[in-house]
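Consider the two complexes below, in which subunit A is the common component and subunit B and subunit C are the respective partners.
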Partner chain A sequence: MITHTKFRQLKDKGFFILICLLMSLGALPLVSILFELIRKGYKQLNIAFFTETAPSTLDAMLAAGTGDVIPGGIANGIIGTLIMVSLASAVAIPIGIMIGIYLAEKPTAIFSNIVRFVADLMQGVPSIVIGIISYAWIVCSFQSYSALAGAFALSLMMAPLIIRSTEETLKMLPPSLKEAGLALGASYTSVVLKILLPAAFGGLFTGILLSISRVTGETAPIMLTALGSSMITVDVMRPMSAVPLLIWEFYNDPNLMDMIWSCSLFLLMLILTLNIIAKFIAHRWKIQ
Partner chain B sequence: MENTVNNNMIDTLITSNNVRTPLIVEDAILTFKDVCVSYAPGKNAIESVNAAVEKGKITAIMGPSGCGKSTLLRAVNRMHELYDYIKVTGEILLNDQDVLKMNAMEVRRNAGMVFQRPNPFPNMSIFDNVLAGYSLNGIKLPKAEREALVEQSLRNVVLWDEVKDLLNKKGSFLSGGQQQRLCIARAIALKPEVLLMDEPTSALDPIATNHIEELLLTLKKEFSIVIVTHNMSQAARISDNSMFMYMGELIEYDRTNTMFTNPACQKTEEYLTGRFG
Partner chain C sequence: MKDLLFKKALFTASLLLLLIGAGMVYTLFDGALPAFDAFGFFKFIGSTAWDPHPDREAYGALPFIVGTLFTAFLALLIAIPFALPVALFTGVYYRGTKAAHIIGAIVDLLAGIPSIVYGLWGFYTLRPWIIESGFSTGGFGIFTSAVVLAIMIIPYASSLSAEFLSMVPNDLKEGAYSLGATRLDMIQQVVFPFAGSGIFASFILALGRALGETMAVTMLIGNTNNLPLSLTATGNTMASVIANQFGEADGLKLSALIAIAFLLFILTALINLAGKFIIKRFNQ
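Here is the complex of A and B:
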């Protein structure tokens, strides 16, 4: 009997070690990517990187000749990404949350099932297809590449994520919460706005942050809609650059190779930060 | 074999002829007239209940699980409307007005409800929880009045001394019994005419239960209370009048003393002596 127990304990330990090994194997890619990016990209990260526009080939070539770091930065991309993601959020967040509320409140309605199905399909649409659609609808009708078209494409990608995360979060709330609000004579609207949404805040915010971090790294739809720009611009009707787009542009210019790494490092850090904040908020405001 | 058949026949006789003893009350706050509730078409979960609830008293509704006691209670403040497959028919008069014809929000303001599990609003402080009935209804009170109301409501539920320094903290860190008292405070802050309690102590330990029971005895001076309970001794301890329900029907309704000492129906007696339920 005792030997039997010992054997089981041993098996237990072996299983635990196996899990630990597999887990570290899974974490290996992220760690090695991060390490590679830091190793190759850290020397370009200076103040100019955040304040100046992308360098020209000639500047980069001259700098490479003397062994200096490449002058210039990615300010045009950072500002472009900021503007387009903010615009997309301004559209996708309210719409996504409202549709999410509807889905959670009327889970079995035929219309809900259709919307849920469409939202799930939308999540699977390749981003380049969304870029093409935005090109056809916005760029063609305005006769110009624009940040607006880019924001439109991004919002199409964000909305389904927010819809589903809102729905899932609201479904996790105990039904007694809604009943308690209504039992006090509150209207349906005030129960949703003053009780359900605040109680679900953590989940909603996490969903929003994850959707932002998802579209921040999108390149294909931006390429077909905002096109890119070498200047810092805030005019949303004009072409605009974005951080992932700059990576693609740097990739096409052999003299700017170093910039790829620092740009990628910046993008990865940005998205990692958003994800960590999302995790923190989900933990801090988790539904009891 | 023959014996079982006989027993079954007796059962049927009792439920079909249910020997109701409709308690005549002089001052009724709540009157049920032919109230039926159905969860599915053609199948009633509550079968024509007729009864009058006395003002300023505690009325207990008891019966085995699934007998429809909570269903009957939730018909009063129209909670069934949240689920469109539930249908309520008949008349429920609250102060001579049919609640089924009134505006649902108005009904719910006049009939406060306390649920089985304590459910303070997790996003609100204790202070805001007590005033939730007002803030959710868009009623703005002057600061002094708000503070007085919070203090009075919390004193009423004997929670004031425990939380007076923590009013701005969230209610979720309180113990289960304290949370339930907070929920009662939230319900009585709106000064309802009747307080509906759906097994308010079933999720609490004996000490917290004791607190709530004592509290109900003091609260009945101001509010009429209808309490659903599966706990017979609780009904015996605190209620003035008792209803016994079985299979969706009101079998017996009488003074609690009479019912516990000399029940009129055999079913009631069987339940009270613990032969089923």
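Here is the complex of A and C:
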């Protein structure tokens, strides 16, 4: 009897150790990725990296030949990412929040269920398929690859995430909040805009930041729509570059290999910073 | 009056979403129609042909469908033994503690790494290891892609299933403990029966993620149009063939690629719906 109990306790301990082992093994890739990016990428991170456009293959080849740092930077990608993500946010955030409010206000209506269903469905659509949609709608309509098409693709990916987070946050608010506002004679509009949304600010903002960090690293839809550009452009009707797109371009050009790492390091830092800010805000503004 | 306008605006936004959703399906179907017309729907799905030569142009999706399912299921198989421990650790063993928070944060960070960075890591770090181990000569192929896909879906699968694990009521667990159960007994007898369907749903949703992943797979699978039948075989997934060939495609080839996108859309939608359906049942 005692040996049986001992055996079970041992089995329990063994299982826990196994879990911890497997978990640390699962964390290895993260460590390895960070290590590789920093080791290979840090030396390219200088002022020029943020202010100059991507180098030509020839310049990179000459620099590699003499063992120098590759001249040039990713300014065209940074500006492109900034423009496309801002444009996508400008569309997806207001519309996403509006739909989220609608779903939270009419949770059980058949129409709401259909909208929720479609939002769920859209969230699962692979990014490359989103790229094709934007290609068919925007690129084909305007007869040109454009930043606008890239931004549209990103907004299609952002909207479902924002809808979800808005609805979830609003649902967590106590109903008494809304009732108190209405009882004081405030109109429905001001109750929503001046009481519910400010109260839900933390959750909304977290959702927005996470959706931005999610689309900032997207490559596939941008590749099919914005195509890329070697110059700094601000014309949204023309092709434009983006940071993840530059990584893809550098990857396909052996001479620019060193740039891959600094570019990825920058992108990863950007996304991780967004994630950490989102976490921090979620923690600070937690609805009690 | 203002309220009415506001409510109308909310409704219009929601309607817009429905229109966009319907438009997406229509656009994909419409774009795919020439390919389905030329080869027949079932012939297109079942054919291994991929020949852009103008005189004998023929396209089929079978190698890519097989490539997609092969890599995604293999990735899930690799991911489960790592995702489940993380979920158990954060959702059962150390639920609500600082350790769980820190690990949860690390998992979220992993989930935030872009697909293309995983691809680079796979190409420059994992691939040399695989070549060195003698498993395959080029290092490209189904297995390499599946490993990277697995790493990509572990965070998603583990954070989702941890949520279901942490929903197991405390009194059930305490009941098991009071009967003399060890933690392992409790997990086997109480946690898994209670949260099993939720965990299953998490893995289905993770599978849906893996099916649609594009960039990392494109960089690692080798991009050949043959039917991949072994772990070391190179191939293409539905997403990677689109990423590779969309730029230079027109006419029937473009339609064939859109048809593949349509099929991928249906496939991921079905998988996601199945996952969501199980979760809905779980929550009731």
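One rule holds in what follows: the second predicted complex is superposed on the first by the 260 of 288 C-alpha atoms of A that agree within 3 Å, B and C clash if a C-alpha of one lies under 4 Å from a C-alpha of the other, contacts with A are read in each partner's own complex, and residues count from 1 in each chain.
In this text, contacts are C-beta pairs under 8 Å (C-beta built on N, C-alpha and C of every residue); 3 or more make two chains touch, one makes a residue touch a chain.
Model, not experiment: these values are computed from the prediction.
A.B. asks: Superpose on subunit A as described above, then tell me if subunit B and subunit C fit or clash.
C.D. replies: These partners fit in the superposed model.
A.B. asks: Once the structures are superposed on A, label A:S187 by its partner contacts, choosing first (subunit B), second (subunit C), both or neither.
C.D. replies: both
A.B. asks: When the two structures are overlaid on chain A, which partner does A:F201 contact: first (subunit B), second (subunit C), both, or neither?
C.D. replies: A:F201: touches subunit B, not subunit C.
A.B. asks: Which holds for A:P174: it touches subunit B only (first), subunit C only (second), both, or neither?
C.D. replies: So A:P174 only meets subunit B here.
A.B. asks: Touching A:D235, do we find subunit B (first), subunit C (second), both, or neither?
C.D. replies: Touch status of A:D235: no partner.
A.B. asks: Which chain makes contact with more of the residues of subunit A, subunit B or else subunit C?
C.D. replies: C
A.B. asks: Who does A:S127 touch here: subunit B (first), subunit C (second), both, or neither?
C.D. replies: second
A.B. asks: Give the angle at the C-alpha centre of subunit A formed by the C-alpha centres of subunit B and subunit C in the superposed arrangement, rounded to the nearest 10 degrees.
C.D. replies: About 100 degrees between subunit B and subunit C, seen from subunit A.
A.B. asks: Which value, in Å, gives the least CA distance between subunit B and subunit C in the superposed three-chain arrangement?
C.D. replies: Shortest inter-chain C-alpha distance (subunit B to subunit C): 12 Å.
A.B. asks: Return the residues of subunit A at which the contacts from subunit B and from subunit C coincide.
C.D. replies: The answer is residues 187 of subunit A.
A.B. asks: Could you please specify the touching residues of subunit C with respect to subunit A in the complex?
C.D. replies: 2-3, 6-7, 9-11, 13-14, 16-18, 20-21, 23-24, 27-28, 31, 81-83, 85-86, 88-89, 93, 103, 105-106, 108-110, 112-121, 123-125, 151, 154, 182-185, 187, 208, 211-215, 219, 239, 242-243, 246-247, 257-258, 261, 264-265, 268-269, 271-273, 276
A.B. asks: Which of the residues in subunit B come into contact with subunit A in the complex?
C.D. replies: 77, 79, 82, 105-109, 112-113, 115, 117, 119, 121-123, 132-133, 135-138, 172, 183, 186-187, 190
A.B. asks: For the complex, which residues does subunit A have touching subunit C?
C.D. replies: 8-9, 11-12, 15-16, 18-20, 22-23, 25-27, 29-30, 32-33, 36-37, 95, 98-99, 101-103, 105, 111-112, 114-115, 118-129, 132-133, 135-137, 156, 159, 163, 187-189, 192, 213-214, 216-220, 223-224, 244, 247-248, 251, 260, 264, 267-268, 271-272, 274-275, 279
A.B. asks: Help me check something: in the complex, which residues belonging to subunit A touch subunit B?
C.D. replies: Of all residues in subunit A, those touching subunit B are 174, 176-187, 190-191, 194-195, 198-199, 201, 287-288.
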